[in-house]
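Before we start, here is the structure in question, set down as structure tokens.
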Amino acid sequence: MSIPLVPELLRKHLADLAESDLRIDGRGRFESREISLEVGILPRAEGSARVQMGNTIVLAGVKFQLMTPYPDRPNQGGLMCSAEVRPVAGRSWEPGPPSPQSIELGRVVDRGIRESGCIDVDELCIIPGERAWQVILDVFAISDDGNLFDAFALAGIAALRSAIVPAERFEIGEDYPLPVSKTPTMCSYHRVGGRYVLDASKKEELGGDERIHITLGDDGHVHSLQKGLKGIFTTDEFEEIMEHAIERCSELRDLVNNAIEK
Amino acid sequence: MSIPLVPELLRKHLADLAESDLRIDGRGRFESREISLEVGILPRAEGSARVQMGNTIVLAGVKFQLMTPYPDRPNQGGLMCSAEVRPVAGRSWEPGPPSPQSIELGRVVDRGIRESGCIDVDELCIIPGERAWQVILDVFAISDDGNLFDAFALAGIAALRSAIVPAERFEIGEDYPLPVSKTPTMCSYHRVGGRYVLDASKKEELGGDERIHITLGDDGHVHSLQKGLKGIFTTDEFEEIMEHAIERCSELRDLVNNAIEK
Amino acid sequence: MSIPLVPELLRKHLADLAESDLRIDGRGRFESREISLEVGILPRAEGSARVQMGNTIVLAGVKFQLMTPYPDRPNQGGLMCSAEVRPVAGRSWEPGPPSPQSIELGRVVDRGIRESGCIDVDELCIIPGERAWQVILDVFAISDDGNLFDAFALAGIAALRSAIVPAERFEIGEDYPLPVSKTPTMCSYHRVGGRYVLDASKKEELGGDERIHITLGDDGHVHSLQKGLKGIFTTDEFEEIMEHAIERCSELRDLVNNAIEK
Amino acid sequence: MGGYGDVQMIDDKGLRMDGRKPSECRPIEIETGVVPVADGSARVRWGLNDVIAAVYGPMEAHPRKIQRQDRAVLDVRYNMAPFSTTDRIRPGFNRRSREISKVTAEALESVVMLELYPRSKIRVEIEVLCAEAGTRCAGITAASAALAHAGIPMTDLVVSVASGKVNGVVVCDLNKEEDNYGEADLPMGILPNSGELVFLQMDGDLSQEDFKIAWDYNMEAASHIHEIMARALKGGDA
Amino acid sequence: MGGYGDVQMIDDKGLRMDGRKPSECRPIEIETGVVPVADGSARVRWGLNDVIAAVYGPMEAHPRKIQRQDRAVLDVRYNMAPFSTTDRIRPGFNRRSREISKVTAEALESVVMLELYPRSKIRVEIEVLCAEAGTRCAGITAASAALAHAGIPMTDLVVSVASGKVNGVVVCDLNKEEDNYGEADLPMGILPNSGELVFLQMDGDLSQEDFKIAWDYNMEAASHIHEIMARALKGGDA
Amino acid sequence: MGGYGDVQMIDDKGLRMDGRKPSECRPIEIETGVVPVADGSARVRWGLNDVIAAVYGPMEAHPRKIQRQDRAVLDVRYNMAPFSTTDRIRPGFNRRSREISKVTAEALESVVMLELYPRSKIRVEIEVLCAEAGTRCAGITAASAALAHAGIPMTDLVVSVASGKVNGVVVCDLNKEEDNYGEADLPMGILPNSGELVFLQMDGDLSQEDFKIAWDYNMEAASHIHEIMARALKGGDA
């Protein structure tokens, strides 16, 4: 059966499938695409990761810079997370200044990592008031076949966990692994055909409605939430996906741990 | 009688009224709309003012920052006046980078205040060559029903005159009122229906020609002039409005003095 | 005979002329338009030059600033070459951010000068790690009738060779001529009517194909090359124009030397 | 870990520094018609927050490429005035404002009957004149009131409020100090008639239990805010 | 108060540092045809000022949204070349240039018969190559000459000149030192045939009496500049 | 003169630090299909360079003003990922990238049969993921392979390679250290079937004799790279 390309027909098609609890690629409602995660794949970066989820592929790279601490926080280094989507990643991503879509993606990924407190900026201080490390995480989409949010968050935390502080290159002691105390992971649910599904593909995004992004920490604590796009949802619907997210985020955390230990 | 919306018809209508020395809202040629001026209305600003002239409403806020004096002027602080019109203020104000209209408005208001010398930047110096105050005046349009220039200038000088230097917050002594030695005020004349009128409404601006902005100081000295828009005027015409401006600017100065003394 | 304005017809016309080894303005294949070069023509610049090649007119000005050397190169000053084309220079130059055409022009001219090593940035250092001269060369098109590249390069090196370091104005000793150890010159060949010609006019540019820019140093050494625009060329074709360039660049160098000595 | 544990924001009786109970909102006032030249407008004063929203339209959408054949475009801008905070805000591009504008637009699109105005545009301008924690909630609330004041048909109003956590206690509607030293912030946009949601964000650290309490506080506060809004709109939607 | 009172710019005989009388202009030269590829062009050398203006058009206005059905659009840009001043000027956006471009355009629109060229555009490019006080006046004057040289119909020429005040004395056409230490500057754009105005700005501090003197100096200077311009245009408008 | 003469990059036997002969390239691998959602894509690993190119189109060109009635528009972007170099690269406008994008586009336009797709657009996106001298050559090579992989008709492939000079010796395909201390760099874009050129740049200092040697090294290397590319494309063009 061929898949319709016109958004309204695609929408109808997805709704029809949903009636029988089916998805366009045969997955179950809360079934994700196959995920692979590799770390240490970018020789010029101090930490890096590659995530592939179906045909969605993203890279993350960590770089370090020296900075002067801000006067009002002399004992702190910095963490910067940057995530723009360049037009290489798909037909719909246009060149030009960052779109609102791209800004939202970057900020939600940033908050999930930052708000978990997994990087202690106090530990990044070298000499109070004078020198500190600035950690810069750049996440980069190679191929967008849907659900960039989860791929970005996963690649981002894995790249941080694999990062080595390049102290030798800056002539301030020996290299050492960046301390990362937690492993926040994100999972996202899109409303497709009227109900929420996990890990939507690009086609499901195109024919779907609002999405909800949930970032949970090691202990199941909530670190970040975001509802995106036009749509109305109920407390019951939210509780159902939160329940699933607790389980799924834990699986993703195991995936990161395994990749790092390799 | 209904007011025409098409510019050319509006123009004609205004010209017809002018023949009988009438204005679209019944005012006399040199009669302004009702003005109200309040100061101290923005809790986060160190000085503030609100001006309402008919349905034109603007706010001004003063903030202070510490700066390092410029090497070639080690004994001087800084004064910055910023006035952009955001799209909240009316249907015709578009989002985007500052339009030429907005830039002209900001610069004319800035010059009227700056060129009067009402703020002595030498008095803003704290430690020569090291620290000085930078005074930042931001003027902001809430509702543009014409003659933003006069409303901006009035709110701007009133906000400055009401400002308290926040020395305590920056831990350099006690708070004290910002010294403002003069009270420059602006009044603007638009050519409507062939002759100049005071305090044009938005409709009069739309159906009118060039405008002249006059800023006078306490002693009737001229501090700033600007002719805007396409149009030709004579020396006689200018002398007539200058004569009126001397009186009007003095009334506006009284308005500021009264608001401050309250 | 009138010259066609439609690009395709112009192209055809130029090809027809080329068959008889003719050019649209009667020149030989490797014949340039008349060139005039003057230096010292801009009173506010520390060095300056004006080049006219037919109806192409450009100016170059040199300014000096004090800079703090970069931490990793404490003994070096700086050289910056900037060349944008503003819309004054011709109907086809649009206002707005620098076009790719303008960026290429600036960078090719910059490389020709920089890569020759004619300015020794070590000689620009005043106090190692603290103060050095930054030399800024700005090239500016007044009238573009084709071959801005060669005009820019010629005006640029002549302005540098005429420049006086304004040490007195900055209170660090006496003024002295900027040391310029070489005189790189550029000549450019456009494919017009199927074969390369020297110093193409605007019409030839409009009806032509790719162009090749060659910058040679005092000893005939190659300092910079650039092929621009769509087009395919052979090694033999390149060798022919390189052979001519060796001779032509030397003539242009004499022109600079003569202008400076005057 | 961190210093904020030392700042005592909740007293022995379980009350907050400004005397509120954990579930209690700051005082809120809503007023309409504050921008005379707009088609609809509202002002929300909420603690020290002072936020106005103005609505222009429906009007022709141009350039034509932004037009939608089947509905109106909702063009929402959230902006903080330069003098709205302790440290002056530089005008211009701002990633935070862009994101808040986007999620605010998406919340409002969920209720505005855009399909009634094909090929047109409705502009919603939110300006924060004075800021004290919770400006995005005040902005969404003001925008919803301004749309109603402009007579734009909506399936429901939107009220927005945030609960959070401070000194380990879940509290509703954080003030500035609570926000500075707080551990989490959960803003929501709620349809008061159905209890459904159109806006949700969250930052910080909340256990699943605390999260549920914060959620419920927001739901309760939404009813309270709705009463104030309905009064301001003179029973227009209640 | 302030140091400029100490700098003596007017000597015992009432003459200025460069020997001029208070009402006297610096030397002015006007030349046309300086940009061969333009439809019209002019160069004004005025003291050390060296300013060129080029005119392109009337040409088709595009994109179409900028077209006016009943007249041509006049697109004016004033720019200072990076090497035109003692301190190099960085290329790029500049609020001062934008404002001068705007008021210059409005001055010229007042005389150019734009209604003869509906839906078209006329570009006027003003480039300051060397600057010494009064560049906006030199720019307007050059632009007016360039428009005439391009054969664009105008109801009158525009000449522009500024008077000001230095050491308490009103003087015409300030040079750089007078501008640096001066107390006021009053640039005007004058139609030489009618004595009417199309451009007016002023900065500084002038009493009403001094203001009138400065005004009259400008009017006189305008006649003088007009003669020079008319000669340059070969009697084209005189 | 200068310090680089002291760094010995060529050993007694005339071999380079990484063991290569002067005329020898670094190892090159080419792979296609690396961007699954693109219409064509290729990855070139070349020394430590890791560069991908993706092709989208032919697709409708919009806005319409960029359309060409007689051919497709080739829209090429070269970009370095922020983590591709030792010092992080800030995203955003970059004059170097703009120039490389332009010359790359012009090289490819010389072979892509654009006239087959009037009014359409072909997007070519080149992303440098890891950089080690010669990224523009790797980018052109990857783009050419990606266009072939997308099935876009071309009159020939383009392979690109640079030779240069280090310690006075002409060498092919400079690595990072050689590039840092080198005296010249001559990148060329070559059509492997005809030996013609579509891309040429050069920086530095080369005598006419050395220049000819570098030219010939590039020509030889082009054949070698062409073999690798043809294998990657499964004989698609060989």
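Miscellaneous remarks
First chain written, first letter: the chains are A, B, C, D, E and F, and each begins at residue 1.
In this section, contacts are C-beta pairs under 8 Å (C-beta built on N, C-alpha and C of every residue); 3 or more make two chains touch, one makes a residue touch a chain.
None of the values given here were measured: they were computed from a predicted structure.
Traced through touching neighbours, the fewest hops from chain E to chain F number 2. Most remote from chain D, judged by the distance between CA-atom centroids, is C.
Note that among the pairs C-E, B-D or C-F, C-F reproduces the A-D interface, with over half of its contact pairs the same by residue number. Set against the C-alpha centre of chain E, every other chain centre is closer than that of A. Inter-chain centre distance (chain A to chain F, centres taken as mean C-alpha positions): 32 Å.
Centroids of chain C and chain D (each the mean of its C-alpha atoms) stand 58 Å apart.
The centroid of the Cα atoms in chain B and the matching centroid in chain E are 26 Å apart. With centres defined as mean CA coordinates, chain C is found 49 Å away from chain B. In terms of inter-chain touching, the protein chains here make up one closed cycle, each touching precisely two others. All the chains close into one ring, and from chain B toward chain E their sequence is B, E, C, F, A, D.
For chain F in complex with chain C, the touching residues are 95-96, 98-99, 101-103, 106, 109-111, 184, 186, 191, 195-208, 211, 215, 219. Taken together, the chain B residues at the contact with chain E in this complex read 98, 100, 103-104, 106-107, 111, 115-117, 210, 212, 217, 219-235, 238, 242, 246. Remark: chain E residues 34-38, 48, 50, 52, 54, 56, 59, 77, 79, 81-88, 91, 123, 125, 127, 129-131 touch chain C in the complex.
On chain B, the positions that touch chain D within their shared complex are 42-45, 48, 55, 57, 59, 61-63, 65, 82, 84, 86-91, 95, 136, 138, 140, 142-145, 169, 202.
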